[in-house]
Amino acid sequence: MNTEHTYTLALSCPDRVGIVAAVSGFLADRQGWILESNHHADQDTGRFFMRNVIKASSLEGGIESFVTAFGQIASSYEMNWRLSDSRQKKRVVLLVSKQDHCLVDLMYRWRSGDLGCDIACVISNHDDLRKYVEWHDVPYFHVPVTPDNKVEAYAEIDRLFGEHRGDVMVLARYMQILSPQLCDKYPGRIINIHHSFLPSFIGARPYHQAFDRGVKLIGATSHYVTSELDAGPIIEQDVVRIDHGDTAEDLVRYGRDVEKNVLSRALKYHLEDRVLLNGKRTVVFR
Amino acid sequence: MNTEHTYTLALSCPDRVGIVAAVSGFLADRQGWILESNHHADQDTGRFFMRNVIKASSLEGGIESFVTAFGQIASSYEMNWRLSDSRQKKRVVLLVSKQDHCLVDLMYRWRSGDLGCDIACVISNHDDLRKYVEWHDVPYFHVPVTPDNKVEAYAEIDRLFGEHRGDVMVLARYMQILSPQLCDKYPGRIINIHHSFLPSFIGARPYHQAFDRGVKLIGATSHYVTSELDAGPIIEQDVVRIDHGDTAEDLVRYGRDVEKNVLSRALKYHLEDRVLLNGKRTVVFR
Amino acid sequence: MNTEHTYTLALSCPDRVGIVAAVSGFLADRQGWILESNHHADQDTGRFFMRNVIKASSLEGGIESFVTAFGQIASSYEMNWRLSDSRQKKRVVLLVSKQDHCLVDLMYRWRSGDLGCDIACVISNHDDLRKYVEWHDVPYFHVPVTPDNKVEAYAEIDRLFGEHRGDVMVLARYMQILSPQLCDKYPGRIINIHHSFLPSFIGARPYHQAFDRGVKLIGATSHYVTSELDAGPIIEQDVVRIDHGDTAEDLVRYGRDVEKNVLSRALKYHLEDRVLLNGKRTVVFR
Amino acid sequence: MNTEHTYTLALSCPDRVGIVAAVSGFLADRQGWILESNHHADQDTGRFFMRNVIKASSLEGGIESFVTAFGQIASSYEMNWRLSDSRQKKRVVLLVSKQDHCLVDLMYRWRSGDLGCDIACVISNHDDLRKYVEWHDVPYFHVPVTPDNKVEAYAEIDRLFGEHRGDVMVLARYMQILSPQLCDKYPGRIINIHHSFLPSFIGARPYHQAFDRGVKLIGATSHYVTSELDAGPIIEQDVVRIDHGDTAEDLVRYGRDVEKNVLSRALKYHLEDRVLLNGKRTVVFR
């Protein structure tokens, strides 16, 4: 929504005295005006996490020199870091199957400027949603997946992701399990929405599992995909109350709203560099 | 809160045409004024559930004749049914260990008239909370449980429950696993609070399990106890949002609030005959 | 979602003994199988409210005879009542302005079968959303409203509502205040979404009012429209948490999600005859 | 809960480049290990807000020298600032009337170490809660308030607050309106709980106002007291869902739970120096 030109600097490193002073001193020396700043010192892992949003127009000296100079600080503090430019929108590749509620929601949020990204293309194992997607002038690729062609299919998806210069792959109810190779190739860059409150109801038909167990709330979970099914670092979760009057089909219906809300929030956090990996967990600077 | 004298009729039976007509016709014939009425026809199990609250002063013919006559209807429809008199407060036996947050909350709600029950006695495997309980003029029994005396200890708990004419046993963070015999003896009459959003994190130290998994919400679950650990019919659940800044100890602290709220709601529903068993699930008429 | 053919009988009347018996006896006599039933005896107004969903295939004797016969019961109990046939979808007329988030959400829920209604047409005081609406093969009417033409404009809206046999008019962020005449003509048939947690922040720019007041939650309210601005009977409300980091523009953005969720739920309750007027309040059988 | 010895530095000042660098550089020079850090740059007021929790054992040079030296930075940046020592517990003076739910909740949280404060004394315009309070070895003062003695009564409350070295005064359902003089004397140091979702239902009997309006959620609001009734800066709010089956008395009952949760959270935020005033609004670093 904010159209101001900004840089977002996100980093993590082993915690010690002086990190904030070093980073903020560096920014102040270049007249960097900090619009937002978040810190987290993790007592469990001993790592420090930081995110700064800097007004681009305030920075003296140019961004290339910034990157070079900051690299030296980063190196001395053993930082993982990245710098995003608000003018270079991140490119999202959506993977869908037949269900369209998450797709429709993300396309609307993209179209209304809410997400601040580009939708590079949509890939599906079915052809059903082509018309809807192409009406938005977004390329649509039908990549069928069968028990026999999985290797080729995932290679094709990987190729399309590269060809369209994807930054993040979003499984918007894709319903297929990606190959471990693909998961491992893009750590922290593939986002899934699972239709349960993980770790409850891993695997297939979670709403029916939830109905059978008689739970009083159902949920959805958005997480980074790893090669272990439904076990990747969680970005966002939410729940909705149900009661004895609701059938398993009602749960599916309520669940759709939770799924799309959770996925769109998780994606937005990711796009704004608010999510940092902390082992099997995430830091989410909201 | 309502001090009006009422009868609550709760029942379930195989679903068919005419049940409501039979029950409401019976009530109308005796001039029974219905203050509250809830129905549920379960499409999954084919059972029908009903709860009626009747103004006692409106009933003509006396309650004994009511019971006798209704027994015939109940029999012809194969009903499970019970009739509660608001003047006969249900008697609650609390089982606690060392943690007192649920105990303190339930004692306050009892004392302020919120729960509408009697606290018959408190039983604990430790002696720590005696002073607090006895200040309220409630009997306190210390029944230690060791690996070697479990049979005797659970027999003593059962004896105390009988001696104090307990209607419902509440495990208010009791931390011991009751014997299967005791669980089976009182189906739908023993209520537990588990400190996780079941079926996630069954067993010990659920908050630490939740912390390790990196979930973004934690919860608590109140359920009827069965001989299968943490698998009984769920009465009530709730969650609270956490974030990366919270340690496992913070989760324990937030969890206490969720636990006491969930347990007190579950108990209140039970005491007001709002909970009916439907196989492994519950119907909760709120 | 349920494709079974049903009739929904909704009624209210002065409370007394025997209403349930009379209605359920009537249904049982005709072999009416009750799928859902809700009751409410209002202690404040002394009125009784009831909703029954009846399996059409179970009913003996035909629906015309049902209506005639039930009219006699209704009359003797002074009932307001209505009977809906699930095969006759209610016809919704949407009024919109330039903002499209509620429109897009309702159109999606309609298209996916979630709402179980027909969208008869869309009327707007602007022409902006024509392309989007017509892509769905729904008629779009541009009825400009200026300070000088209000009488004619509202007459035209009323005419279109009649011509398209509208059952309910939905102001999906319409931003114009309907004339008192129009409001009074369709009591309980015009639904608005107000972008605040009423009765807070009545009138214009509620999110900016909320920002200025420094509230920690913002909300939305769906209500029946009456001639008194933002004072009609409330059907549904919800809130979302905000914090000091959110600008007034962020509130507008979060608010959009709350608005569309609240409006879609309110409309669904209305379409399923779950909402009954109780003076200035509503009974909502969920 | 954390027993580590810490200092909390909270400040606000006009926003400009270099504040974080100056503060964090100052801390790093003294080897100050930052456990928690929060920043907020307010676009609306142009002020910057910051809170740092520093490990006491890491600081070199002593706290007196720290204070003196930091005063110079503070002065050059025109900061409002305060430094809290975790070993000096803040002293809370509770004002209550006859209702005890907030009192009991706060006393429990204090006793269990959750709040990390001292309860200096309890003051009430009634004598009802003396026994309960004195059982906790907390002094109880009965200061009756009548239409005729308000000046003297509020002077006495002020005197007791001073005598018991109160840091913060908490109106835990006190039900009396403090004098403007008292409100103005302790800006940001008197916390009230109002039993509605402000700004709805200002003044008396808010639950009955809410019932009459037919809202679907009720709430509670904790705010700093100013001389304008129910208009002070809001610290925390929350809501709970109600429905048509709830009487005004039910609302009062549900409301008690919301009130105590909101008040205890607001007080905890205040005690941990997480709340900073921003004109008529607050910054709450959670």
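When the chains are written out, they are named A, B, C and D in that same order, and each has its own residue count from 1.
Basically, a residue touches a chain if its C-beta (ideal position, glycine included) is under 8 Å from a C-beta of that chain, and two chains touch if they have at least 3 such contacts.
The chain list, named the UniProt way, goes like this: A, B, C, D = Formyltetrahydrofolate deformylase.
Bear in mind that the values here come from a model prediction, so they are computed numbers and not experimental data.
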item: Neighbouring chains shared between subunit A and subunit D, ordered by label; value: B, C
item: Chain whose Cα centroid lies at the greatest distance from that of subunit A; value: B
item: Subunit A and subunit B, separation of their C-alpha mean positions in angstrom; value: 41
item: Between subunit A and subunit C, centroid-to-centroid distance (C-alpha), Å; value: 36
item: Residues of subunit B engaged with two or more neighbouring chains; value: 36, 245
item: Residues of subunit C touching subunit A in the complex; value: 1-2, 36, 100-101, 104, 108, 112, 114, 135, 245, 249-250, 253, 257, 261
item: Touching residues (chain side subunit B, partner subunit C) in the complex; value: 17-18, 20-22, 24-25, 27-29, 31-39, 41, 58
item: Residue numbers on subunit C that touch subunit D, as the complex places them; value: 40, 42-44, 49, 197-201, 211-217, 219, 233-239, 243-245, 247-248, 278, 280-284, 286
